[in-house]
Amino acid sequence: MSADRFERIDRLPFEKVFKDPVHDYIHVRHRIILDLIDTKEFQRLRRIKQLGTAQFTFHGAEHSRFSHSLGVYEITRKIVDMFERNYPDEWDPSMRLVTLCAALLHDLGHGPFSHTFEKIIGSDHEKFTTDIILSEETEIHEVLSRVSPDFPNQVASVITKEHKNPQVVQLISSQIDADRMDYLQRDAFFTGATYGAFDLSRILRVIRPYKHGIAFQYQGMHAVEDYIVSRFQMYMQVYFHPASRGMEVTLDRLLYRAKSLYQEENLYPHFTLLDPFFKDKYTIEDYLRLDDSVLQTAINLWTTSDDAYLSELSTMFLNRRPFKSVAYEKGQDESIVEKLRDIVGNLKYDKELFTRINSSSDLPYDYKLKSKTPIHLMYADGTLIELSEASPIVKSLSGNLHGDHRLYVPKEFLEDNQKNKEVSMFQEDYDEFQKYIINDRIKNPNKN
Amino acid sequence: MSADRFERIDRLPFEKVFKDPVHDYIHVRHRIILDLIDTKEFQRLRRIKQLGTAQFTFHGAEHSRFSHSLGVYEITRKIVDMFERNYPDEWDPSMRLVTLCAALLHDLGHGPFSHTFEKIIGSDHEKFTTDIILSEETEIHEVLSRVSPDFPNQVASVITKEHKNPQVVQLISSQIDADRMDYLQRDAFFTGATYGAFDLSRILRVIRPYKHGIAFQYQGMHAVEDYIVSRFQMYMQVYFHPASRGMEVTLDRLLYRAKSLYQEENLYPHFTLLDPFFKDKYTIEDYLRLDDSVLQTAINLWTTSDDAYLSELSTMFLNRRPFKSVAYEKGQDESIVEKLRDIVGNLKYDKELFTRINSSSDLPYDYKLKSKTPIHLMYADGTLIELSEASPIVKSLSGNLHGDHRLYVPKEFLEDNQKNKEVSMFQEDYDEFQKYIINDRIKNPNKN
Amino acid sequence: MSADRFERIDRLPFEKVFKDPVHDYIHVRHRIILDLIDTKEFQRLRRIKQLGTAQFTFHGAEHSRFSHSLGVYEITRKIVDMFERNYPDEWDPSMRLVTLCAALLHDLGHGPFSHTFEKIIGSDHEKFTTDIILSEETEIHEVLSRVSPDFPNQVASVITKEHKNPQVVQLISSQIDADRMDYLQRDAFFTGATYGAFDLSRILRVIRPYKHGIAFQYQGMHAVEDYIVSRFQMYMQVYFHPASRGMEVTLDRLLYRAKSLYQEENLYPHFTLLDPFFKDKYTIEDYLRLDDSVLQTAINLWTTSDDAYLSELSTMFLNRRPFKSVAYEKGQDESIVEKLRDIVGNLKYDKELFTRINSSSDLPYDYKLKSKTPIHLMYADGTLIELSEASPIVKSLSGNLHGDHRLYVPKEFLEDNQKNKEVSMFQEDYDEFQKYIINDRIKNPNKN
Amino acid sequence: MSADRFERIDRLPFEKVFKDPVHDYIHVRHRIILDLIDTKEFQRLRRIKQLGTAQFTFHGAEHSRFSHSLGVYEITRKIVDMFERNYPDEWDPSMRLVTLCAALLHDLGHGPFSHTFEKIIGSDHEKFTTDIILSEETEIHEVLSRVSPDFPNQVASVITKEHKNPQVVQLISSQIDADRMDYLQRDAFFTGATYGAFDLSRILRVIRPYKHGIAFQYQGMHAVEDYIVSRFQMYMQVYFHPASRGMEVTLDRLLYRAKSLYQEENLYPHFTLLDPFFKDKYTIEDYLRLDDSVLQTAINLWTTSDDAYLSELSTMFLNRRPFKSVAYEKGQDESIVEKLRDIVGNLKYDKELFTRINSSSDLPYDYKLKSKTPIHLMYADGTLIELSEASPIVKSLSGNLHGDHRLYVPKEFLEDNQKNKEVSMFQEDYDEFQKYIINDRIKNPNKN
């Protein structure tokens, strides 16, 4: 059956809604969307938090990838509806279903605390997403196949950016796509960070399809500009927050320790659902049984491990007592950083497990990199202009990495009330360490 | 040390804040509050969702008891600040710390999906809360003891309503207390349910202490009235939602099955952290290791149990495929309900495990019950008037239970598209069952 | 041309929007709507404030009837769009234009501070609205006539409730219509009164046409109930606020004085734009030149009138120094009220000009009065149930007038710091007056 | 009496509040503030709209300078409270009253549609503000003098930036002061422009006094940066909107015409309250009788003037039919602009009255101009860093004027549907005019 024909017979007699605090309602008008939401693979996203360790800094940010995925779907639906109404010559209506499905499913392959966990298992969530869509054993695949045998492939090709229609691809992944638009709004809502707000409804009015993809009417320039700034602000103030990264470092070190123990010594209590990943031998089915709960429960169990390191790191994570950090200048203060790591390592701590460098960096916008489609504004006569040419603010952020480099160590070394406490065996080391900390940064005390 | 003196030396040089999407900021001005938040027992509340199974109906409502507890603290702090400023003759400032601590800790004893789980283990969260505060082994107890040896007792007595100062008790638990004010606002925010909103800042202006407790200035009557209506609306529309209760019933049945298996046959895979509870022999320490993750992970493991019932119920819960329900009139249609249960039980289903009656009921406001302190309004000259006397709306809700009675069954029996599906072995039973369902309620088809 | 055909050729190639703080955007898809907005009669509504004297109590509430009219249009448009999509059998699509136009124009005849001014000139805004629509001299009439010669009549008949289609009439005026839904939301937004919020988007989902008008799906009952309560709250807390009514009384007395002077003595400075109304001989054209500015400027000029009473009352209004008030029990304390009026009148004040009784009353909901269409809920099978039968809260408000009776007097008599001031010639009268004021109400001090 | 002592005895027993939709409540704790608000000069601000002609583009933006002034007071109060609590060594508490009064009164001298009207009368609102404060005939002066005979002078000196305490001056006027913080939030709220939102509560946490004025803690850098961007966005999208400027140009031309007629020919209907200004001979008392209503009523009367130009321009303004505009490149296309003006002038239009150039420009931030205090961030050790050094975004906006140059003409020349209308005598001129309009800008069609 053609996607077109399927779309018509698949329509629900009455639209169904999900109440959403960000978009008010998520509107579903096709049975296939409902059925995708009801699959066990999609329901699993309820058990994966959207922001990973940021919930430990912004306590309101406890929302899941499930909510976010519905939001991306809803924004995409609104855009597609508008395209069908206003741009019948530029937009192909037979793209409707594949676009909506890709929007809904684009995060399907995320696992618990993705960024950290993926490093441990050496894979990534985009690969998992397409695997889940294409595997014949998933409910997702079964539902998608109802449209046509090739439909799962089509949906996957949007996510891998190989789909032949550039409009569809750019709606789902580009520098201003439905994914980013939802997560900025949603993360701002749940953290309480007002600077993440931008004028979504204005952007949804000026976005438009054209031959080579997606552009924005020129008069909407400031709304797009403001979106770039909001995104930048969210990275600087929320996503890169030092405390969240302290939890990430703690999690990274404890998973590293657990895996080493498993592989080298087999010392720690086995945990059925994680075993395949420590063995580096897992299937999609194994992966789909993972969620935040599984990881947290394993860590819960490890707090009583016989291995003192694993037990301590697990306790730090479970009870939110992360490493603390201090920033330094890359390419200048590395030697001091090494000196500080040694101070820590010389005490009871294992240097590799208890000190860590963490760098954050984001490219708020770029128009030169091959891998990034530039954002284009369109004049009344169809001429295009690249965003940073029209906006000095965006130009100031373009092509520059933003973020910082931080050294993470046990918190004792960075608490300022050390001296008020009873005399400590670490006092000397603490003082030596603190010599290099000036205005909350690592600095060479002899320079400047 | 006197609480008063401790309070002064315990003040932070600079207040610390937590960003909160509901109250903007949570303001902390005492070290003891920070230290309580940092205990492992309080951090555990991050892993307990506030609304239990309601998250499966309102996908935004994924917030934890941790957020809520901070919110209750913040509302209480605002009230206490105002009392100190405006009512120096009626409010005893030495009550500050005990009130704030009780506000922060009042939910400490909640476990995973409290209402359902507590039924299985035969205890309740209020008991756990005081146990945690009073046990000498907890970090909470240690921090509280810093104020004075008796301070943990004082805090606990607020929660058990035995504290001698009725103002303190009523701030934390009464028909309009800081707990309810926070959860209504918070749950409304996260579900997106606008009807839960009421004028918190107005209520915080008209609340006042008097000799026998807490009252509200008469001119604030309509704000209090609106709070009662908002609370009623949240119960009717959110807390009693049939779909959430369907998940609750599913969870109840699966835990019941798991415990039976454990006790009678020892058939299912052991799960260290739950074992003490199935044995009915647990300590506070055992309890403090529980959280939503532990329960969800156990259910995750049970989806592959050898016991077909446990496996099916676990799968229903994990993948959000709950029982469906239909309302009936109590004291009138019980015999039909039994007939319908038999129809289900006569098929492959176990009647006790796969059909269930669930009743919800709430008393929005009462002024006659001994156990409930009435809400009082105070005139300029100090005279009191009970709320429902002043408000016909509140009178209409007073003393009446609201809620309904529903029969839960496997969803096949209540889906309306049964006939469109391929011919089913259940068709006849389905038709028989449906005969009694009129306008989405159980009705006797022969009566009108 | 048929309305249907006109509607098609009248569509704009691209919808136009107006940014609105309440509804985000007002969406216009027909040229006729744009042209109506651009008429001078509709633009005049920018110069008429929506809430009259309430702006003097709630300083944010400075919005105009122009904003409100756009809002009523937008809500109606959303409903009509939904009816066309979901109820093709119940809703006649040829009603679209007449419904939208009536929604937009329903308040066209409002003048400055309507309620007060209308009493002085002895007419009412509904009459003016239809006159403006039907008069061949207005731009409004000209634009409407483009659809068909009879179209102005059709639009007017919706506003007078004589249109033959009950659905159209009830959308624009009934106990839950687009007019009320907009003003509650809007007034709540601009005053800052949170209790005015209700779940508009939910109501817009459950509203539905049926043979005899408009009903609401049964499952939306609580949303409708909450709307009734919000409306009640806005009346009690905003619309009936004693201070706003104090400004209303002041305005009423000064207009009364000005008109008397004009008619009897011709003493005050003429003011061209008002003269026709003091002569009781005005045309529609005269009326359309009035706005808040004209009235305020007249009052501004009258502050320097030779007539001491007019000058004093005008100064009180212009500088916001209204009469103050005290409530009393009707049918019980009238004799005391008269006594109090005499105390005031015996001093330098004219009793008729400087004391006034003001009664407010609203019927939040009624189902018995012929003039009011009851609100109906509809079950799945089409059966109807009247709202107050389903909701005890609504029942408690039904059929009862709410509001109060207040005596307004010069503020000196009701300020409590009288005694702290220098000895006053009024001290004795003040004391006599105050004897009857107990707990901010008029009471007989010898009773009870 | 010392300001200090006065402050203590002036405190209200109970704080009074004004409900505000932006700040929730405005909190007043001193009688003097209440009394200032109650003066007739301050009440006049209710009749002066905050945004002048922007209300004609953003219909929600009908708020007054009264609301804004209360908002500036409230933000200042919050800052002063925080300074007193947290910076006892850096902030002088005897500055409290003078700071609050200056905040409240800083806009007192604004007249109707200030920017345009001031050009006509050749004065400015800052001069009027200090005149009103210092004049012995105003109620404002009388209330302020209660503190001490010199107090009015002190308040005025804050507004003229001559007060000796730089902290007080910078709180009220600098590149990030209470005035701007309120108007950005407020204008964003009432227009519905989300991009105007910034994190006010965060800024209120990081602002701090130091020896030479006001600085911001370094960790609040991004919040300050975001404020600069929000301000820029509001200028680009709201304050500089071409349609609002079209109304401004219309108003400017009509006032210019009216004054010329008055002075040269005495032709138009006298209007008592405006006469002194057309004579260029007015007192403070004359000025204080002006408000938006007076101007609008004059224009209302002038729509029937015998002078055809005055009547047409007045009608355009009253009925919101402003000039339309097109942008051009300054220093490049002036000759084309002149040519276009001639095309208009050669028709029935007077060139000086019916064509007009309007340039907008704003300096979002500057750190070099003597007249502007740079924004400083402060490190933990007290070192300062200028904002644009720390933020590349701010650097990109620093020292550059933003805005544009537009030619305003009768709308016939810029409407695109000219050709669809009946054959017009202007067709040829219209075509000639349109030749130079490319992509909505004036361009030389022969170049590029």
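We call the chains A, B, C and D, going by the order they appear; numbering starts again at 1 in every chain.
Quick note on the criterion: a residue touches a chain if its C-beta (ideal position, glycine included) is under 8 Å from a C-beta of that chain, and two chains touch if they have at least 3 such contacts.
Small disclaimer: the values here were computed from a predicted structure and weren't measured.
A.B. asks: According to the touch definition, list the chains common to the neighbour sets of chain A and chain B.
C.D. replies: Output, common partners of chain A and chain B: C, D.
A.B. asks: Name whichever of A-D and A-C has more C-beta pairs touching across its two chains.
C.D. replies: If we tally the contacting C-beta pairs, A-D comes out ahead.
A.B. asks: Report, in whole Å, the distance between the mean C-alpha point of chain A and the mean C-alpha point of chain D.
C.D. replies: 42
A.B. asks: When the C-alpha atoms of chain C and chain D are each averaged to a single point, how far apart are the two points in Å?
C.D. replies: Distance between chain centres: 31 Å.
A.B. asks: Using mean C-alpha positions as chain centres, tell me how far chain A is from chain C in Å, no decimals.
C.D. replies: Chain centres of chain A and chain C, defined by C-alpha means, are spaced 50 Å apart.
A.B. asks: Give me the residues of chain D that touch two or more other chains.
C.D. replies: Only 24, 193 qualify.
A.B. asks: Considering only the defined contacts, which chain D positions touch chain C in the complex?
C.D. replies: Going through chain D, the ones touching chain C are 18-22, 24, 38-40, 43, 46-47, 55-56, 58-60, 62-64, 66-67, 70, 189-193, 272-273, 289, 291-294, 296-297, 300-301, 315, 318-321.
A.B. asks: Okay, in this complex, where on chain D does chain A touch?
C.D. replies: Spelled out, the residues of chain D in touch with chain A are 193-195, 197-199, 222-223, 225-226, 229, 232-233, 236-237, 379-381, 383, 392-393, 395-397, 400, 438-440.
A.B. asks: Under the stated contact criterion, what part of chain B meets chain D in this complex?
C.D. replies: It is residues 14, 17, 24-25, 86, 201, 205 of chain B that touch chain D.
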